[in-house]
Structure formats: C-alpha cells, structure tokens
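Read from first to last, the chains carry the letters A, B, C and D; within each, the first residue is number 1.
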Amino acid sequence: MTAIVELWNSLHPMLQAVIKGLAVIGVIFPLGGASSLVERKVSAWMQGRPGPNRALPFWVAWVPGISLLQRLGVFHLLADGGKMFFKEDSLPGHVNKFYFLLAPVVAMIPALTTVTAVPLGAYVDEAGRVVPLILANVDIGLLAVFAVSSLGVYALILAGWASNSKYPFLGGVRASAQLISYELSMTLSVIPVFLWINVPGGEGTLSLAKAVEFQSQPGFLGGMWFIFIMPIAAIVFLVSLFAETNRLPFDMAEGEADLVGGFHTEYGAMKWGLFFVAEYAHMMIGSAVFILLFFGGWNPLPWIPLSLVVGWLGAVSPVLTHPIIVGLLSLGIFVGKVLFMIFVFMWVRWTVPRFRYDQVMKMGWQKLLPLAIGNLLFYAAAIAIRDLQLGVAYWAALAVVTVAATWAIFANPLQKPAL
Amino acid sequence: MADFVFYTFALLTLGSALAVVLNKDAVNAALCLLLSLVGLAGLFVLLDAALLAFVLLLVYAGAVVALFLFIIMLLDTTPGAQKPFGKLSAAAAVLGGALLVVGAHTVGINTPATGSAAHVAPSLKNYAELLFTTYLLPVQIVGFMLLIAMLGVIVLSKRFSEAPETGVGRLEAGKAP
Amino acid sequence: MSSAPAKPADLVTVNIDGKEIAVPKGTNVIEAAKLVGVEIPHYCYHPKLSIVGNCRMCLIEMGMPAVDPATKAPVMDAATGKQKINWIPRPQIGCGTNASPGLHVKTSSPMAREAREGVTEFLLINHPLDCPICDQAGECKLQEHSTAYGRGYSRFIEQKNVKPKRTQLGPRVTLDDERCILCSRCIRFSKEIAKDDVLGFIDRGSYSTLTCYPGKQLENNYSLNTVDICPVGALTSTDFRFKMRVWFLKQTPSIDTESSVGVNTEVWSREGVLYRITPRRNDAVNDTWLADSGRMLYKQVKADDRLLAPAIGGNSTGGDMALKAAADLLKAGSVAVVSSGRSSLEEQFLTKKLADALKTQASLVSRVGQGDRLLISSDRNPNVRGALVTGLISALPSQKLAGLAADIDAGKVKTVISVGEDLTAAGLTAAQLAKVSVIYLGTHNNATSAAAKVVIPTLTVFEKSGSFVNQQFRLQKFAKAVPGPAGVNDDLVTLAELVAAAGGGILPFALGQLWTQIAAETKVLAGLSHAALPATGHLLDASAWAGLPFCEGETLHFKPAAVPAAVNA
Amino acid sequence: MAYVVERKSLSLSERLYLPQIVAGMKVTLKHLFKPNVTLEYPDVRPAIPPGYRGVPTLVKDPNGREKCVSCQLCEFVCPPKAIRITPGEVPANQPDRAHVEKGPQAFDIDMLRCIYCGLCQEVCPEEAIFLQNTFSMTGYTRAEMVNDKAKLYELGGTLPDQHFKWDKKKAAEERGNPHH
C-alpha cells in the first residue's frame, strides 16, 4: 500500500493531475449513463411497473445468477450506450452546422470542468489534519463552480438556435431566461453560509472544503449541518438547483408536451447522448455542492464527523486509518449522499408535474429571489448581532422584524406577490 | 510553461476581440466576445486573480453575453445588414483609440514592473475590504447608475409596446368597414 | 289515365281519417288515401293492373252519411251538428272501394289494424322467414308490413308447409314458392300487359302454387316485370339472384337506350359497379314497365371488348397524343362527320358545332327493327329527334351511308370522323375504310375501331350525364351512375376539344354552361336547362317536325301521326 | 350563458407548495415499495374474460358446415366498413348445404379497419360471426392484415349450435308436406 503511495508521489505533478482528472471523468461519465437506467427503474417502480428487464446478451446467459442483473436491467444500460454510439447520427439539412455540432460539446465542458473545484472526500494525513480530496483546491471554490456551470446555458442556447427550427428555438429561449433567473437566487442563497463561515479575524474563503470543515467541528453548534442552521437557504438553493439543472418540475427547456423535445428536438445519437450525460453531470455536481454546503459533505452523520469515525476505526485496527482506506471511506460516504440526492431528483420528477412557464418565472423572480434576499438580510443581521455581541434587545428586535415580515407576506390571503 | 499559457490566452483574447469587431454575423460576434472573456479570465488566473477571473465568467460570460445572444436571436439580425462605416463611427473610433492609449499609458506608469516588491495574491478578503471601505461610494454610484438604466429601459419598452393600444390607429381600425 | 285536368263535375269529396279531399270519381280508397299522405298497406293491388282484392291487406273501416230511409233526409248528429255517419260494422278492402260522394274512411282504426294484423299472421304461417338469404329483403312489402303489423313471434307450432324453392319459370325468372303470398300480380301482368297468358295457380288451400301452363314458359321480353311487381321474394331475377343486397345499391335515374320510347329506368350500382336496371315510373312513357332486353344493357360497361385506351394506328397511346393526332387529321381538311342517334343531345350539339367548323353536313345512321307495340319501338335509336332538335340533321336518316360511300369512292373525303357509329355496319366496305383515315369515338371494339387511324374511347350512358329526346319529343335526362374507366375523358370534353382543334372556337363542356349555350342557340329548347328538367321529362314543341315520316308504330303511350310510314323504312 | 366559478383561495400550505410536494413524494415513495402490477406480456398471457371482444371470426356448426349465408348485414352494420362479402349461390352438389341456397364466395375482414365493436356479432341472424379470444393480430403488409374466408374459419373453429335452423329446414324438405 505504501508502495502505491510512493509510486504516486514519484509521478510528475502534471501527470498526477491528468490521471486525477481522467479518473473523475471516468467516474462521472458512467455514472451519468447509469443514472439514466436508475431513472427508468425508479420511475417504473413508482408506477407499479417492473421497468427494463429484458435485455440479456446470449453469450453470458449461462452465468448463474445473471438473471438478477437481467431483471435489474443492467444490460439495457449497455444496449442504450451501444445504441447511442452506433445509431445513425443524422445532421438535418437546415441547421447551422458549426454551432449544431458545437452545442453538445459546449454542454459537456462546464459539466466536467466544475468537478475540479468540488472536493469529493478527505483523508487524515500523518499530522492528523483532514486533507480534502480535490483536484484544484482554490480559495474561491464555490464561485468557480457557479461561474463555470453558468456557461452551461450556452449549450442550450446554441442548440436551440442552431437547430433553426421552432421548437428547439423556443426551448433555447426558455432555457436561457430560466437559467439566468434562477442563478440569482441560487447565488444569494449560499451567501449566508459563507457569512457564517467567515468569522471575523479568520481567513476569507469561498472554499467548499472549508464549508465541510466548518460542519465537522466538535460541539453542538459546530457539528450541526447547515441544513439545520439555515433551512430557508437550503430550500432556496435546492429549488434553484432543480431549475438550473432543467429537471422536472422545471424542465421547460425540453417540455415534450408543448415543445416536442425542446432544445434537443433535432438531435440524435451520441450528440443527444452528450446533452443527456451533461444533464446528469450537472445534477451530480449540483447535488455535490448542496451536500457539501448543507449536508455535511463526507461526514457520515450530523455531530459525527469523519475524524471521529477514523478514531473509532483506529481503535479496531491501525491499518484502517491508512489514508487510502480513509479516503475511500469518505469518498464512499460522499458519493452515497450524492447518489441519494440524484434519487431525490428522480423522486421529485415522478411526483410533481411540470410548472407552466409563467409560473416558473413568477416563482423565480417574485418568490425565490425576495426570499433569498430576506434570508440574506436576516442572517447578516443575526451574524452581526452574534459577532458584535449586541445583546438580547437586538435579538428581540430581529425576532420582531422577522415575525412582522413573515406575517406581512403570508397573513394576507389575497394572492399578492410576496414582498 | 507559464509563458506559453500566457501567450495562448493573450492570443485568444486579442484574436477573438478582433473577431468581435470584424464579424458580420451578430451571433458569431457575441460568441467571439464570450471567447475573449474566457481568455481574459485565463489571464486573470495567471495573475493569481482567480476571484476576478471567476466573477468575470459568472457575470459577463454567464449572464451578460447570454442576454446579448438572447436578444440577438430574438431580433433575428441578418448578417451584413449593418450601416456602412460613417463619420460618427470614425470619430468614435478615433476617440476610443485615444482613450485606450491614454489609459494604457497611465496604467503603464502607475504599475511597478513585474517581479518587484510585494506581489501578494489578492485574497477574497482584500477585495471585500476594499469594496466596502475605499471604494464604497463608487460601488454605490455604479449600482445606482445600473438601477437607473434598468428603470429607463423598462419605461422605454413599456411606452413603445403600449403606444398602439391607446393610439388613434386602433380606434380607426375598429371603425373600418 | 287521362292527363287532362279533371272537370270539377268529376270530383267527389271523401273524408279520409277526418280529412276532406276532392278526388276524381272512380278513384279507389288506396289512391285517395295516398293523396292525403296516408299509406294503406296492400299486396295484390297495383295501380297499373286490374283489381282482384285477394290479399285482404288493405282492409279499412268505411261509412256513409246517414239518411232517413223513409224521407231520404240527412240524419243529423245532435252532438256535433253534422250529418251522422253510418259506419259499416265489417272492414272493407281499400283497393276495391271507389270514392263516392260523402264516403268516410278510417284507415287506422282499431278494427282496421286488427284486421291487418290477422292477415299478416296468416300470411306468415307458412312463410319460410328466410330473409337473410332472400333477395327481396330490404324492398319486401311483407317485411315492411310485418314490422308494422306483425306480432314478432309465431303462434303456429305445427310444421310449416314445404314447397319447391328453385323453380325456373323461364330463362330469366326463378320462383321460390314458399315465399309466394298468392297475390296474383304476376298472373295479371302476364295477361293484361304482356298479353302472354302463361301463369296460373294450381291446387287448393295451402297447396296453392304458382306455375306456368303446361308446356309454356315465362319467356316473353317483359317477364322480369313480374319480379319487379312481386311484393315478396317469390319471383327473383336469375341474373340478379344472390348478387347484392339492395340496401347497398345506389339508385341513379337513367333512360333505356334500346329504342326511341325512352323508357325511364333506375340504375342500381355500388362502388362503381352496376348490378341491375329497373323501371322508373313515368305514367306518360312507360308506366312502371321495362323490357327484359333493356335490363341487360348494364353488362356493356364491363364487357370484354370495351375500348379502354386511346390508340393511334392500333397502338395504345396517351389521351393527349390521340387528340393531337385527331386534330392534325381534322386540320388537313376534307372531313366527313358521321354522328349517332345514340349520342346524347349535348353530344349531338357539339357534333353539329364540329361539322359546322369543318364546313360539312353530318350524317346519321338509322336503325330500324320490329316494334312490339309496347315499350320497344321500331326506331332503335334513342335520340334521332335530339339530332333534329339540335339541327345536326334536317331530314330523317337512312340505314346506309350511301352518300358517304360515294364521296369516298370519288375521293372527295380524306378523313371520316365517326362519333359512336360502326361504319362497317352502316354500309361502308373495308376497302372504302382503307381509303380514308378514320377517327373513331366509341365505347366498344368493332370493325371500325380496328380499321381506325385514331381511336378515342368514350363513355356508356351509365357513365355520363345528359339528355335524350324520345319519340314523343319528350326531353328526358339521365345521370351518371358510375365513374368511367380510368383515363377515359368525358365525351363532352373530347368533343369540345375536337371542335376547338377544328377551329370552331372554345365551347363549354360542363353540362350547366353547355346548356346555357344550347338553350340560347336552339329555339325549341329556349329557357330550358339540364339541371331544372323534371324527372319525368319535358314535352317539347314538335310542330316543326310534324310532317316528317317517322318510322315508329304505336307503343304504350305513343300514337304515330298520320303520315305514310313506309316512306323511310 | 357562461358563468364564472369562484375558486377557493389556496391555504397557506398550498401556497407554499413544499408541504404539498412532500405529501406527493410520500405517495410516490409508498408506491416505490409496492409490488408491480404489470403483466409481463409475452411471457405471461392475460386471462381473457368471458365476453371479450377479440378478433372477429367465422364459425362452423357442429357438423363442420359453414353457417354464414352471406346476408351482408354485418357488412351493412360495420361502422368502419371493414367487412367485404361477395355473396354467391351454394352449388347443388353440396347435399348437406344446397338447401341453404346462399353462402359467401368471399368474406374479407380488414383488421386494419376493424374497431372490435362487435356489431357484426350482434347483428348476425345466423350466429355465424363471433368476436373471440384472439387479441393480437400482426402482419408485415396491409394485405396480410386482411382476413379472408379461410383465415376466418381457421380462427373461428366450431361453436355449438342451439337452433339447428337449417337442419330442421332440411328435415322438413325431405319429409315433404306432412300436414293434411
């Protein structure tokens, strides 16, 4: 095991980076594909159906127990992938060919680039410090994720426009308006978290690893995940995340009931498949960020940080505290949480019907954005009162203002826009 | 290595900026602008100004250019339909060029040569402190200007879209046999 | 029946179901009831046959105004203030009861209904009830009246009578004796109308059976009329037997083309296929009859020798090519036009335009056969008088084209265009035909089409609309029953194009527009239009042709004018 | 006249969406663990209930004789005009059927048109046409989807006859006139 570590350390840093990058991509891509199968299975089970369970290549049919994999539809995944690669990749005659071909590639770029700034786990080094597993541990991690993923909208705009056809165009227009609208509330909703993290006198940071670190402290408030501290922010972020990833109930850009297939109507084969994988990659990155910020990252449970678990493992056997083991453990916990979030995405998709486009816009601008701003103001005030130790009177004033504002928004049964 | 990356990004930035001006198709121009911004962000990263780079990407590349594209696609501008190079454009070009030279010169004499003195990577905290202390007034002024511009746009677009509804033409249209 | 309006003195007022109506004296109650819109069910009664009253279906309740037997003074009803009616306690037959002044009739009183229900039950006792295989189903009087007056189930538990099911009464008529209700319509028709007394009943009671006299057959040319008038499915047409249920068939009014009588017919078709032809009632022409020979004419539509494609010099070609070839021949000049008495009036009008454009006089071929004094006249062309009306010809045609033959021999004619006439049959020899270029417009192959330079197929009378003028100078229209074969143009289109090619100007070929021009240019047709022609035809003013020696003898509703008949025979 | 239906104003939890969505998710989650209700069709065949209206077929009587007399009532009543019959006379050399006189020469049902309404079965006076259990009809060409007479009898088979209408008729014919 040590040999592996030494071999790894002996590699050129550039080569290390390339291998790490490839490893992450090598996980994201198949996970995107597998998610499509899971989506089919989950939807089927929720609807009382068995889902895909037919495909079985004849040359493996003799393997005992293979029928379980068959019932789980694993070979459908292979068949779907194979189909994507080998079916005829038609290029309609009326499209703008350059942008038409560019769009799926553009869709993949932000999906894969954002991974670099997302910590995927952590290990405890010899000095006892928790070191995050991250490709580029930059100070402004969250901003990098937001910035790069905001470029994802170009894929939809370009696909819609280059298709030179009504429905894709409408899909592209919808997508761009929706993504820009919800980016605001999304960004605003995470600011309280970092206000909370960046205590006075400390180092200013936007690092996601720092956010996890903050949730792994000892003590009641220290081990508390942010979902408990600022639930409104978490909800606003989650809803915006659904909108940003174009998932139901916000998949206005596809809207097969009214737009055939939305921006990807004219696409087929692997070009379409890239959009598909990009959507799942977006979901995964978004879920990862959500979990890092609000659900304690790679900590198994609230108030039970990873380091505590490592302590327990050390009590069982010192071998288990080896960085590789701990790294894999944290990675497992984190990926498990992310996959559960993916499941939540599917769960919501097969529960809630699609919004109308005017409802989407109304919710974004008239509900979520004011809510995010109010949330930000509330926590700014709260943090100020806490840090400056202004005393009970100010707490009482904040409580009164909050209650009054809440009453003003919700007490009036008339459907006035909130705030 | 760093030089190679710098020249690559510089070439990308300048080349696509030139393409923005020279391109006849508005969509192409907007996308070249995007490329130029990405290149600029890369240059910022080389200068260890990662925050600036990603804010640039987030605000300009992610939102502003997307809105440009949005408008261009909705208006369906046909390439080659713009007006010829007029006197006003020439004057604007001369003025802009002069400003560029002055600005570059000012920046050149005010900036210490590379490699000298305390070159500290600007942290998030530095930016925040400067923004909320030294540059608080400019930030607020710029914010108000943007607000005023936004309100102006809303008022202008409202008036134009409502004009035919209250105008005489509509009444007459109703009376037409 | 007299067509002159009845004088008021001949009218008597009767009261049917409470409605007063004035009817000619002698009208029976069934006809009188029809005038007030009441249908009295009947089987044996037929308006054109004698009355026997043996089916008892038309039973009605009848009464006369009461008079005091002693003083002959009307007996008044105190309650209503009207004359009291003495109702006869037993039902009377409607067909045998003639209108008399003051007659009161109840057609649907409980007594009349009960009587009809009883008659229906008796008729159905031995009826085989094989409607699913019966050709009459759908137009069967027994079926209709059983629906109205039957009880829906049978109280007859004994064995039904068994009679022969497939008796050949003649070459065209098959008898199913089990279905026969012994109304004797067929017997009366044979005796009274066809004057061929071959049918009769033998045996008694439920053994009664319709049969031919020993050694005789129902084989006269009107035998199928017995099938028409049979109220049940007993007499069936051997030709139409088991071919198609009548409710699928579309009825199109048409005219029988076999002679100048112009019998009104109904053509029954389904999806472009003809199935049968039946007479259409026209009291001024054919009453309700039609000759058997006229019923078989529909077979020419699907005949093997039908011309289906245009040809030049015997080789099939496109319609445009054939028209162009014909046009070239016409432009070359020295053309003779042979027209036909079988063409419709509209075609004859266009043919006249063609002859005018070619500066020639069209000739017509007459066909003379033996008339049967009923519905087949000796002039076997349906529309010779149409040619006179349109001015295509001014004198009656002869049977042979002697003049044309002479012209060909003299070399005066280079091209002959024949509109539906077989020139060989009209007296031209093969050698004469070989000397000229023949343009033949026709429906079937014959010696002329074989010898023709250009052949343009045309439509049969069932595939086009138009009109004929019959021997009474009655203008009668016929309508398109089925579409023509693919690729065959309407005859009017073909002729209009030929006229245009010959330099006669652009003529309309749509029936409505063409009639506007025909009515404008033809004096006796002024003010008429094809669309507005009544179903029974329009009698034209024939005074202009009164002196012509037509060859026809007397037929059912036609008396020849007193001119020497032999002149043209 | 149109009139406006006043809608009940939404309650707070309804306006917040989230409680409603969570309630919905509870329902879907319950279904996630419920057993499947799908019939895995080609492996598991559905039980056809009595009275099922499958592919229309022609049936023969217990003696193996054609029941249809080509009365064409089914052709007449068929709403999508899927049935096409060419009637014909039963030749005299069929001793056990000649007394029926009439039978179909050709009998085609276009299954691309058929809507399985069952009116043909309803209207048939001879009880010769039945919609039976077959529910799956496939073919590669349009022509294959037209069931001709032979196919219809193959699909239909033989059904018990309750009336023996034509047998009685034949017996009466052979007996002659028994009364008097």
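Quick note on the criterion: a contact is a pair of C-beta atoms (placed from the backbone, for glycine too) under 8 Å apart; a residue touches a chain by one contact, two chains touch by 3 or more.
Predicted model only: the values in this text are computed from it and were never measured.
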(message) From the centre of chain C, which other chain's Cα mean sits the farthest off?
(response) B
(message) Contact counts by the stated rule: is the higher one at A-D or A-B?
(response) A-B
(message) With centres defined from CA atoms, tell me which chain sits nearest the overall protein centre.
(response) D
(message) Taking the mean of the CA coordinates per chain, how far is chain A from chain D in Å?
(response) 54
(request) Could you give the separation in Å between the centres of chain A and chain C, each centre being the mean of its C-alpha atoms? (result) 87
(message) Just the number, please: Cα centre separation of chain A and chain B in whole Å.
(response) 30
(request) Please work out the Cα centroid separation of chain B and chain C, and write it as a whole number of Å. (result) 92
(message) Counting only residues that touch at least two other chains, what does the list for chain D look like?
(response) none
(request) Considering only which chains touch which, label the overall pattern as line, ring, star, complete or other. (result) line
(request) Kindly provide every pair of chains that touch. (result) A-B, A-D, C-D
(message) With touch defined as at the start, can you tell me which chain A residues reach chain D in the complex?
(response) 42, 45-50, 53, 235, 347-348, 350-352, 410, 413-415
(request) Using the touch rule from the top, collect the residues of chain D that touch chain A in their complex. (result) 9-10, 12, 15, 18, 21, 24-25, 27-29, 31-38, 40
(message) Touching residues of chain C toward chain D in the complex: what are they?
(response) 128, 131-133, 137, 158-162, 165-166, 207, 241-245, 247-248
(message) Considering only the defined contacts, which chain A positions touch chain B in the complex?
(response) 99, 138-140, 143-144, 146-148, 150-151, 153-154, 157-158, 161, 169, 172-173, 176-177, 179-180, 183, 187, 198, 203-206
(request) State the interface residues of chain B toward chain A in the complex, per the touch definition above. (result) 27, 31, 34, 50-51, 53-58, 61-63, 66-67, 69-70, 73-74, 123-125, 128
